[in-house]
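Data first, discussion second: the structure below is written as structure tokens.
Letters A, B, C and D name the chains as they come in the text, with residue numbers starting at 1 for each one.
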Amino acid sequence: MQLSDTTEEADFRRRLREWLGKTLPELPAAPDPSDWPGRRAFDTAWQRRLFDAGYAGIHWPVDAGGRGATPSEHLIFLEETELAGAPYVGANFVGLLHAGPTIATEGTPEQRARFLPPVLRGEEIWCQGFSEPGAGSDLAALRTRAVRDGDAYVVTGSKIWTSHAEVADWCELLVRTDPDAPKHRGITWLAMPMDAPGVTVRPLKTLAGTTEFAELFLDEVRIPVANRLGAENDGWRVTMVTLSFERGTAFASETVACQREVRELARVARANGAWEDLELRRELATLAAEFAALWRLVQWNVSEAAANGVPGAGGSVFKLRFSEARQRLYDVAARVVGGEALLEGAWSAQRLQGLSYTIAAGTSQIQRNIVAQRILGLPRGR
Amino acid sequence: MEFRLTEDQHSLQRALRQVVTDRQPSWQELTEVGLFQLRVPEPEGGLGLGLPEAVLAFEEAGRAVLAGPLVGTEVAAAVLGLDGRAEVVRVPARGPVLVPELPTLDHVLLLHPDDSLAVLPAAAVDAAPAAAVDPDRPLWRLDGTPPPGERTPETRRVAADATLLTAALQVGLASRTVAEAVAYARTREQFGQPIGAFQAVQHLCADMLARAELARVAVYAAAVSGDEVEIAGAKLLADDAAVHGARDCLQVHGGMGFTWEARVHRLLKRAWAWEQAGADRERCLESLATRL
Amino acid sequence: MQLSDTTEEADFRRRLREWLGKTLPELPAAPDPSDWPGRRAFDTAWQRRLFDAGYAGIHWPVDAGGRGATPSEHLIFLEETELAGAPYVGANFVGLLHAGPTIATEGTPEQRARFLPPVLRGEEIWCQGFSEPGAGSDLAALRTRAVRDGDAYVVTGSKIWTSHAEVADWCELLVRTDPDAPKHRGITWLAMPMDAPGVTVRPLKTLAGTTEFAELFLDEVRIPVANRLGAENDGWRVTMVTLSFERGTAFASETVACQREVRELARVARANGAWEDLELRRELATLAAEFAALWRLVQWNVSEAAANGVPGAGGSVFKLRFSEARQRLYDVAARVVGGEALLEGAWSAQRLQGLSYTIAAGTSQIQRNIVAQRILGLPRGR
Amino acid sequence: MEFRLTEDQHSLQRALRQVVTDRQPSWQELTEVGLFQLRVPEPEGGLGLGLPEAVLAFEEAGRAVLAGPLVGTEVAAAVLGLDGRAEVVRVPARGPVLVPELPTLDHVLLLHPDDSLAVLPAAAVDAAPAAAVDPDRPLWRLDGTPPPGERTPETRRVAADATLLTAALQVGLASRTVAEAVAYARTREQFGQPIGAFQAVQHLCADMLARAELARVAVYAAAVSGDEVEIAGAKLLADDAAVHGARDCLQVHGGMGFTWEARVHRLLKRAWAWEQAGADRERCLESLATRL
């Protein structure tokens, strides 16, 4: 077991740190969260800088235009950018971390050539059209319908929880092409141009009062068959295959961020007297221990993934513990800051956003089912 | 001992539920129905009822998640004989002093950590508007040092009653979270069955109910006894039932509870706000420890 | 809503308190827990004193030989005896609180005359033969078999978790008389003499190291048909009917006891310095609030039962909260007493015994199912 | 970074599991297999391995719930170069000083709250036998005032290593509770299906696993870094995984876990004992807070 960098990793880290130290001060101020065009411009400009410095698609294969870095290097990248306060992946998220890798793995040479370079260079933004209001955690219950009509699919339905839809060029869309097949079997993956006729984007106001997500309404949208990835009705497999790309790094930046937030909260507590409350001090100490351990779990999962190609079943265990620790972090924060918790501000925004952690991408209840049935081998109920 | 609602209390409960449920009655309507005059003696134009009746009424107000300076207005009328809108505001152990609904108030009843009370004309209070998380409960941040107050048996009563009535609001809110969670779980289907058929959801709801019911009885009993420490215990349980309940209600609603329109979040935001109104957790625990 | 005593109740309380003040000092020292004959003698002598003073079968109907007290008086009795440190019901438990009331409700005049007076006078001890090793929380899955043979049932099987079996005269036994009927339908209630040939009692050592329970092994035990209560195959209903006798008082003494224990723990904490630990102090304060509320819930349920005849569905809610609060009480106690928690003693014995609270008489999981399905009306799963 | 077991570490783990699983090896066997000599340098007759290997070995010992003065004997040999049986005993914040297995010991390593250490010949320790809750871990209660100790870098190492190795025992025990609960839940039937098919039981087991896995990685990482605060965090999580796991394991077993024979209770009793060995929760939290 080894936690320290190899010589190559130390070198990679040093160069990255140097580059960040030089580059970050040159960045313009971050745009207002409600300024979507400003956010797109900021995020794509950052992506372009990464591209020029050779950090774009750090974990993508070299033949897809990526850097082909090792999982450890990927983790160093995520750790260092977070520690340095670099911009988040933002609007490039779906392109770099989901649609891109999916196309890299399952696309034809033409599709790879068409779609991948613009993602790496920060020229095209993708959004994701998977979730539907009626489906929830039962993602495969999606009902958006695609009917073949000549060289196009005609798509009608609606999607929800789509980030960056306002400024996206493309949407990776899951549609139902065979309503009679078992629910995982009749699904197809399509690349939908967001400017196609029939696409309506409606911002979705969340409980935090922001419009970070949108709903998509699709009314007889024509999507060329050439935009289909993989075979018709094979979209579920196509989509799932991409998860192996992730190699344990999914929550790496967030884990580093939470460790920083715990330290910051301790500073706030020392300043406002909350530190004198032994119970709160112990809560903070407990959180520090948990996030430190979660970071070690990230390192463990990444190392396992590097050795075995897949991150293993540890993902659900991580997500369960991380979601709950992070929600507790913001509840503790509310106690530390006292009345401030009732006012809009960074801590209360985090607390509200944080309510999604045990819901989004599979509720904690679903995660526990997965752990119990797939890892522990407990039987399904009647 | 007959620790159950009397027929009159049942009637009061039914009547109030009719007024407040599924609509937001105006302040005028709340005043007319007598919400703030319940405990004012009959000779002074009130209904001459007691703390238990006030608690029943405020439970209904909490169930309906009513807005406005409910607690302070009642306590000002019942304990201090003050007409008009008022709110009880506690100077917290740390963080700003926050006054809800300041421009609509006639009086601010400012309670210091030692339970001394300053009765301030609202117009004289120097405060700046602050952006509140709960959109239905606007807040103003007090400027400068809070003026000192005085301690009398009456001021202790203000402190205790405000805590108890807030606890009653929380109990009503907690019951509301159970009702909303159960209603959603009965109809929402996932994986081919209503989510309420999943044991995980059932157990979440069962624990919500258990917390709400225990808190309800605690609040009723504290209203009957009027005891300060019992009130502290009731508030502690009611806050837990409301906050935890609203949190779990949101979890049961899944993604659909995460939208602004779903309004589930308003239960949670209000529960958070009321948790800090009256005596907060730390203060309640301190009070309980004194009797151990 | 009224918490104070009526004039009659105050009078009842005063007389009881007087009697307890006079009687308790006259009692001999309590026997060692492992001395079963001594325990029987002590418990039955106490029952005889209650009988002589008119407190025996306080909640039993007058026509069954009881006092026919109101539920409020019953509660006062439980509260005052607990506060005064009077003996527990002990070996008389099953006779007074389950078998007796069952016979009083479902028995023939002959059965009532035969069985009830000895229970009230402390002359006969009953034990309960319901649970079986294979059945657990699914009580109705019991498999002890009874076959009719002339004027007797011949019973073979085994029972578990039987208290006071070593010194009991009678056992209220549930047996399966129709193996082909649905599981709740083929059960019969029998009064089994414990000295019948074929009955073997084996003490069962629990995790606390004590033998508070026993296993019963029944090998072709002949039980006269005259000892059957109610009709053949109607034993489940016969047994359940008794629960209405309880009227919300089931955990009343224990709730009073827990309040006393919290106060005692606060005294220990003040003496050994644990009180200086703010977190522990708050834990104790929280427990004080919970047990105070649970006592109010007992009063509420009793009042509802007095008015409506049945305690309502509040029993599961109470048991859920009480079990968990009480287990937490002993966990907090372990933190207060520090290293003493690793040594045998009153607090560690309570902590070990307390592990049963979320298991016995329906696990907390079962209680939550009941609350969700019967009170909240949530649907059963497929 | 390659934060996973090396091939040698896997072999060590397998070898030890074979020695300790499903049997109680004698002290002689444990000594022969080198459990206490893992970290002793090769020139001195040891295996010359590091803290990570010791942690892997103690995880297996914990999984098998081995009895005896394991931690102290290892630390005495590895850090202090002392032969023979030893146990590390902490003077607690309150309550008696308890020495496990005293008559079998050669040394008692007495750690004061300030981490100063007194190395005492066991024969010179004045103590009376006390009835222990854990039947496999007899205790003696120290009489009189514990003799003072001294603080050196070595004594801090004793404190940290003892805490870490105890955490490793707890991680092994926590994994054992998961295995036992799952095995029982797969076979025990209630209401017509294995109880492991009920979501409530599944979720209990899933949380048990999640706690055990997180603690395991935390303990491994602390062994690699050797950092005192990371060790404190690992112990905190390992104690929680073990105690909570053993508690839930008992709940899964229902009434059948409540018998002496079922032996599930031994997991819980040992988890309680090890929770207080090395640094306890309060001390770990204090240590963690110093770095915040």
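Criterion: a contact is a pair of C-beta atoms (placed from the backbone, for glycine too) under 8 Å apart; a residue touches a chain by one contact, two chains touch by 3 or more.
As the structure is a computational prediction, the values presented were derived from the model and not from experiment.
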Identity of the chain that, by mean CA position, is farthest from subunit A: C
Which of B-C and A-B has more C-beta contact pairs: B-C
Chain centre separation in whole Å, for subunit C relative to subunit B (CA means): 38
Distance from the mean Cα position of subunit D to that of subunit B, given in whole angstrom: 48
Gap in Å, rounded to a whole number, between the CA centres of subunit C and subunit A: 55
Multi-chain contact residues (two or more partners), subunit A: 277, 282, 365, 368, 381-382
Per-residue overlap in subunit B, given as positions that touch at least 2 other chains: 198-201, 203
Overall pattern in which the protein chains touch one another (line/ring/star/complete/other): complete
Subunit C partner contacts - residues on subunit B that touch it in the complex: 1-6, 9, 52, 178, 182, 185-186, 192-194, 196-199, 201-203, 205-207, 209-211, 213-215, 217-218, 220-221, 223-225, 230, 232-234, 236-237, 284-286, 288-289, 291-292
Residue ranges of subunit B in contact with subunit D within the complex: 198-200, 203
Interfacial residue positions of subunit A with respect to subunit B in the complex: 131, 133, 136-138, 141, 160-161, 204-207, 209, 272-274, 277, 334, 337-344, 348, 352, 355-356, 358-360, 363-365, 368
Contact set on subunit B toward subunit A in their complex: 92-98, 130-135, 139, 141, 188, 190-191, 198, 200-201, 247, 250-251, 254-262, 264-265, 268, 272-273, 276, 282
Subunit A residues touching subunit C - in the complex, by the definition given at the top: 277-279, 282, 381-382
